[in-house]
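Following are the structures in question.
In the two complexes that follow, chain A is the common piece, with chain B as its partner first and chain C second.
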Partner chain A sequence: MSEQPQKHAASLEWITEKLDNIADLEDKRLLAPAGDARLVFIKSITDSVKISHGIIAPFYEMEDNEAYKDYIRTYPGSEEATTGERALELLLSGYAAVAILDQLYFFDVLHAENSAVSETITESVTQGPSDGFTENLAINLNMVRRRYQSSQLKMESMLIGNLSRTKMAILYDESRVNYDVLAEVKEKLQTLRVDILQATGELEKYLSSDKLRIFPKTIVTERPDRVVFNLSEGKVALMMDTTGYAIVLPSIFNDFFTAMDDKIQFPFVGRFLKFLRVIGVAMTLWLPALYVAFTSYNPEIIRVQIALLVAGSRATVPYPSFVEVLIMLIMMEFLTEASIRLPRAIGPTATTVGGLILGQAATQAGLVGNIMIILVSAVAISNFLIPLNMMSFSVRVLKYFFVIAAAFLGLVGVVSCLVGLMIYLCSQRSFGQPYFRLFFMDNISFRKFKKGGGTDG
Partner chain B sequence: MKKVFLLLITILLLLTAGCDFKDIDRRIFVVAMGIDPGEKEGNLKVSLKLAVPQGDITKIDEKMQILTEESYSISEALRMMKSRVEKELDYVHCKSIIMGEKLAEKDIRHVMDWAVRRRDIQLILNFGVGRPEALKVLNIKPQSEHIPSNSLIMAMSGEGTESPFIASVYSYQLMKNVFEVGIDPTLPIIESQGTEQFLINKLALLDKQKIRLILSPDETRLFNLLTRRELRTNLPAHYKGGMYQYYTEDTSASYRIFTPEEGKPYIQYKVKLLGILEENSSQDIVTHQVLQQLSKAGGEELKEGIEKLLVKIQRSGLDPFGWGLRYASRHFNNDTEMRDWKAIYPKLEFKTLVDVDIKYSGMIK
Partner chain C sequence: MVKSRYFYCLFLMNSLINIINFVPRELMDRRFDGALMSILIAVPIGTTFVYVFTKLMDKFPGKGIPEIFNSLMPRLVSTPMLLVYAVLWYVAGVITLLSFVDITLRFISPDTGAYPVVIGFLILVCLCCRVDGLSLLYGLEVILGITLPLILYASVKALANPNFSWDSVLQIVTFIWHKPDIKSMAAGTFLFSGYINLAIFNRLFHKIKLRHVWLIAVEGLLVLLMTFLVPIGYFGTIGVERHVYTWFSTADSIRIETFLIERMLFIFYFAYMTLSVMSVIVHWHVGLELFKSIMPFADKNSSKAKLWKEWIILGLFCVATLLLMFMDQYELNQLAEWFLQIRWLGEMSMIATLFYCVIKMRKARRRNP
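Now for the complex of A and B:
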């Protein structure tokens, strides 16, 4: 073969020296009448079946070494290393090194431990596909490609993390993507200097420059259909090996309130569901604040019957209304947080203890009013109407700002907080795209592409 | 960023000092107010009906408290009452102000001015005249009532009963009627019958200052028929010795003022009613022809009643319908029109076109 300038590097001796203290390094000499070869690989990340079938068995079956060399060289996925560093990298990423006739070849025998394609956990839908992304990038790409069979779908790959060397894939539809966004993402990824990158959410953090941001600017999703839908809308998807989530960007505010069922449902049902979500957000944001405003500043807004009811239910409560609200809201947050962390077996117990006993007992003890319990449960439930988790967490935090504003200024505070929120939302950009763009404008601007399609390649 | 936060917190803290943060359970709601003339000449007796909230909704039992104070001014009386309760008096839910009949016979303008001027009393509260006195009306506690004064609120606002005898008046309407030229205010009369019942079925017509005429229940119903749309009531029709009653499903009334060159000026009322036969004292079978005859007979009776009422009102010199205002709005000789109207008014004649259409009730024979 071609005489490569073999520096100190590409020799097996140098490699074994570098990988000195690795216990699962296998260094085997293969001897046959036809000749001999040397096989080096790391046992823990390689597939022993692939090694025995692809490398060892042919060696003993082949007549001479020259033919075996050609076999190894032409096998799909095998590589020749030019430098020693590259050789080391390949070996660490699951290749086996085969030395025949003083030549080094690298044979892909990666064995990846990953869970099988499973159901989505955080973004469930009633109808429609339920497969979610897995920890394996190849499987994830397979799921996307199967749904998006267009030559326009481009994929660029990249390695991120000095130590973790996480494989990244950047996916986009060539004919629809906004190239400014694409360039910005690539630039950000290339300049990224981190040691370990393990979760997609982490990447999201690195991509955003604003440290005090409240709203997520990128969608983190585990649904292949959502990725495909967004690709068809000209967005960029980032997928990482070792994590079951993909990032979609740029994302506007409205995207976070779209569930994948909306496309499946009848138009009116879909609109209704979306409307419900908007109301849900409004409720979870404003109800606690309005309670404070109405009970402490502006009781004239509610009807006299309700005013007396609230006054009656609050008769035994010793603290001002905003303390009452904060106590109950924080109690509810404890419950929500705890039920995520709790082992499955104890989960229902916690809900019963927390929800029923705590709520009932708190009213009977006179710590909080009856109305408060209804309000808190309405807030808790409506918060989870938001289909994407990141947004629902943001909204969860935001409601406290409203409560504080209401505690200081009453209804005026709630309104000014809302105005402030609107100003903030309008000022936001997601990768150069206006964040608070109205969704019907969205429909108009993408009209030239059929939504969810993607076979115009 | 820290600076911004600090600034924000300081601003918010500064604002706290001047705000009126007061929890709902530290306020006591005044749900109705009564004002009577005081014992001393020129004094006013102000009574407040306070709603005492109940903690346990399942065992709800109405509790109310009535405070009475006499003073030369309303504001003074209210301030004096403040030191008689432990919570802050809150007037935002005050839904009715009742003036004693004796007061309304003298002057309503002082009370009305106070109610409209005061910032925390809503302009949508109902005014009424209490008979024999306002305090007696406040003391009424109907059996069916769970929230203090709720029955009064429901009756006056039309949310509950849709009685055709109640002609409620909001405080902004009262003010408008007092100050507007060409229209005179009206007030419903609330009579107390013992401590458990009230009766609202009469209407007091006022000049700009005091009560001048009181309409009977029947007249009040006709008044409502002429001023409102879709009044739900029953009206009589006598035909061939039998007494019939029909329920009005849909009513509408409109009028025009005619001032012809020759001949007398007149007001023409057009009243349209759509009714369902509700009661029949005779044993006759109701046929289509009978219904037509009934409509005619009912129309005649109604016409007679309306014309009688209009003439009665005209004789008193009052203008609760706002004819003068209508006249002024249709004429552009701004300097002289009201003088003209004053000359026209006593000479007015009334023509009434009544169109009653009684349908079959749909009973299966």
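Now for the complex of A and C:
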């Protein structure tokens, strides 16, 4: 064992000393007529079948130690470590150390516990592939590679996290990727200093520097087909071991409104579906705010009949309209949040209690108007039209700004908020790419339609 | 570098916003004294200005007026000029803003009170005009995409109305052979002066391909004729002079039979509010950039100093706006009238100065190529 503080020579004594107090460390001496060897591995992350078939059985079958050494050395995936630190790292990541003839070899016997390829949970489609990413990077890469059989698809890997040492893959299509974006991503990943990295969402947070942002600038997806589609558009995908999600960047506003079945549908149906989503977002943002504006400030804008109807339904309500709206919206948020967390067995209770009893009783008690209930349900439903979860959460938060603006200034406030939102969206950049603008104008002015190559799909 | 179509967006914004900036009022006042002739003359003049100015700015790719002036003229001359332009741009924004506050109070929310409305607008505008120019152009395009269909709908609806009196319009047309009037011409050319925002936005353009200049002329002529003639068709040749915000009164006369909203006024208001807030943002952005270029510590680049500088200027903008709130409708109208004329002079002088700069640059280039 060397006394150097930084570099230690790879020796089993040093390693075993470092791995003191690890109960599942196995340290076995193999003895055969031909010679002897020493085998060290950590039981909990290694595959015992691989060890017995790949390491122990050949040892007793081989004639002499020299041949066995060659066998270990040339086995695919085995490695020779020169420094103690590297040896330790390999051992902790699921390699077995074999000491033979004073040489130390590392043999890949990693055993990864992971769920099998399962259906997607958060992004379901009606038709089309339904396999989602798993917790195993190798399987995920397999799913992507199978769908993208091009030599241009490049993959670079790196390790992130001082303690978690999470394996990470950067995928891109060499011929289509924007190299500025790629360089920026790599630079950000290389300068990243964290101890533990466990979820892709976490990585997304580290990647962007803006702390006050509301809108997601990278897509976090669990669908291999979405990753493949985006790779073909020249985007960069980041995939992590131990999590079933991939990050796609740079992402623009429109990407969040593209569901994967839009491609499967007929063009007109697909357009219609996308249009529906835009209307849904507009409704969820505007309806509560407009209700406040129309009841408290500008009832003359809507038709007399509607104005009377709203006023009639609000006749018993004892407080101003924005209080009513805020109460109902917050109740609705409680319901949605609760139904995520509730165990499946009592999930329906929440819907019954919340939906039926609360809605019915509240109107009968005269605390909220009937129209308010209709409006809140419309808002709640239309909010979930957005295919990607991150964006639908952003929109959920955003509607309160509109309500507050409407409470202060009426219609003027709502319109000001709209202008502000537009400018804010336009001022955003996702890895240097404009986040929001009229992208379809580019197609119109140049009459250049590329299949699957446009940014808005 | 951005596409040339954003230049057309800037132009379109100004030409549509004329309704807020008292252009119809100016034209109405002289409807018997040569307004129509002035319109016909203003169109070629305005188009020429657009053409000449863009051609001149094209000689300085990626540069704004401050950079051009400061590099080719002595600081003693360029600084006061930039100051005057900065004030002009600020006034352009403030007139739109104040007249819109007035419209809001008169037509939309009479019981809100002027100060909440103006403070709301100021917060929005100040936050937005600090955004970089490219984002503003993107935003402008999006907002035009929202408002343009609504404005077109309102225009079609206005012309298709059976109660529209074509006779009054024809009667006004008979006054066409009248010598043009300088004030109406100043008002008429306002529609074309969107190009002048290039003074700052030219930093983003590298090569403006100005195709279809005739489109600019046709669009300008159509909008001017609409601006001038449609209110006359609704209120008659004499009745039209009783309205301050002529077009809003006109929009209030149109009924939509089959929609949730019955009065065209509100759709029109919605469209014009978004558009005019956007135009205030653009104008103040240019004003802010011009002021920044003449501030004494302009070359200090630390971000904190920059931020302070911007907020000090914007604070001054806001204070001046709040002070100008004391003007009544008549005085605001007067201010707008003066502005329309001074602005025209300003445009001419800017083009003349640019000519001088181009000549000087060529000379310098010939001397040491």
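Note that in this section the second predicted complex is superposed on the first by the 430 of 457 C-alpha atoms of A that agree within 3 Å, B and C clash if a C-alpha of one lies under 4 Å from a C-alpha of the other, contacts with A are read in each partner's own complex, and residues count from 1 in each chain.
In the analysis below, a contact is a pair of C-beta atoms (placed from the backbone, for glycine too) under 8 Å apart; a residue touches a chain by one contact, two chains touch by 3 or more.
What you are looking at is a predicted structure, and each value in this text was computed from that prediction instead of being measured.
Contacts of A:408 after superposition: both chain B and chain C are touched. Touch criterion not met for A:352: it reaches neither chain B nor chain C. In the superposed pair of complexes, A:438 makes contact with chain C only, with no contact to chain B.
Applying the stated contact rule after C-alpha superposition, one finds that A:416 touches chain C and leaves chain B untouched.
Within the superposed three-chain model, A:297 lies in touch with chain B and with chain C [touch as defined at top]. In the overlay built on the shared chain, the residue A:364 is in contact with neither chain B nor chain C.
By the touch criterion defined above, A:314 reaches chain B but does not reach chain C.
Taken together, the two structures place residues 297, 300, 304, 408-410 of chain A in contact with chain B in one case and with chain C in the other. Contacts from chain A toward chain B in the complex involve residues 212, 294-297, 299-300, 304-305, 307-317, 320-321, 370, 404, 407-410. Contact residues of chain C toward chain A in the complex are 3, 5, 104, 108-109, 111-112, 116-117, 120-121, 124, 127-128, 131-132, 134-136, 138-139, 141-143, 145, 260-263, 266, 270, 273-274, 277-278, 281.
Against chain A, the residues of chain B that register as touching in their complex are 1, 12, 15-16, 19-25, 27, 29, 31, 51, 53-57, 90, 92-93, 95, 120, 122, 147-148, 150, 153. Residues 297-298, 300-304, 306, 405, 408-413, 415-416, 418-420, 422-423, 425-427, 434, 436-438, 441-442, 445 of chain A touch chain C in their complex.
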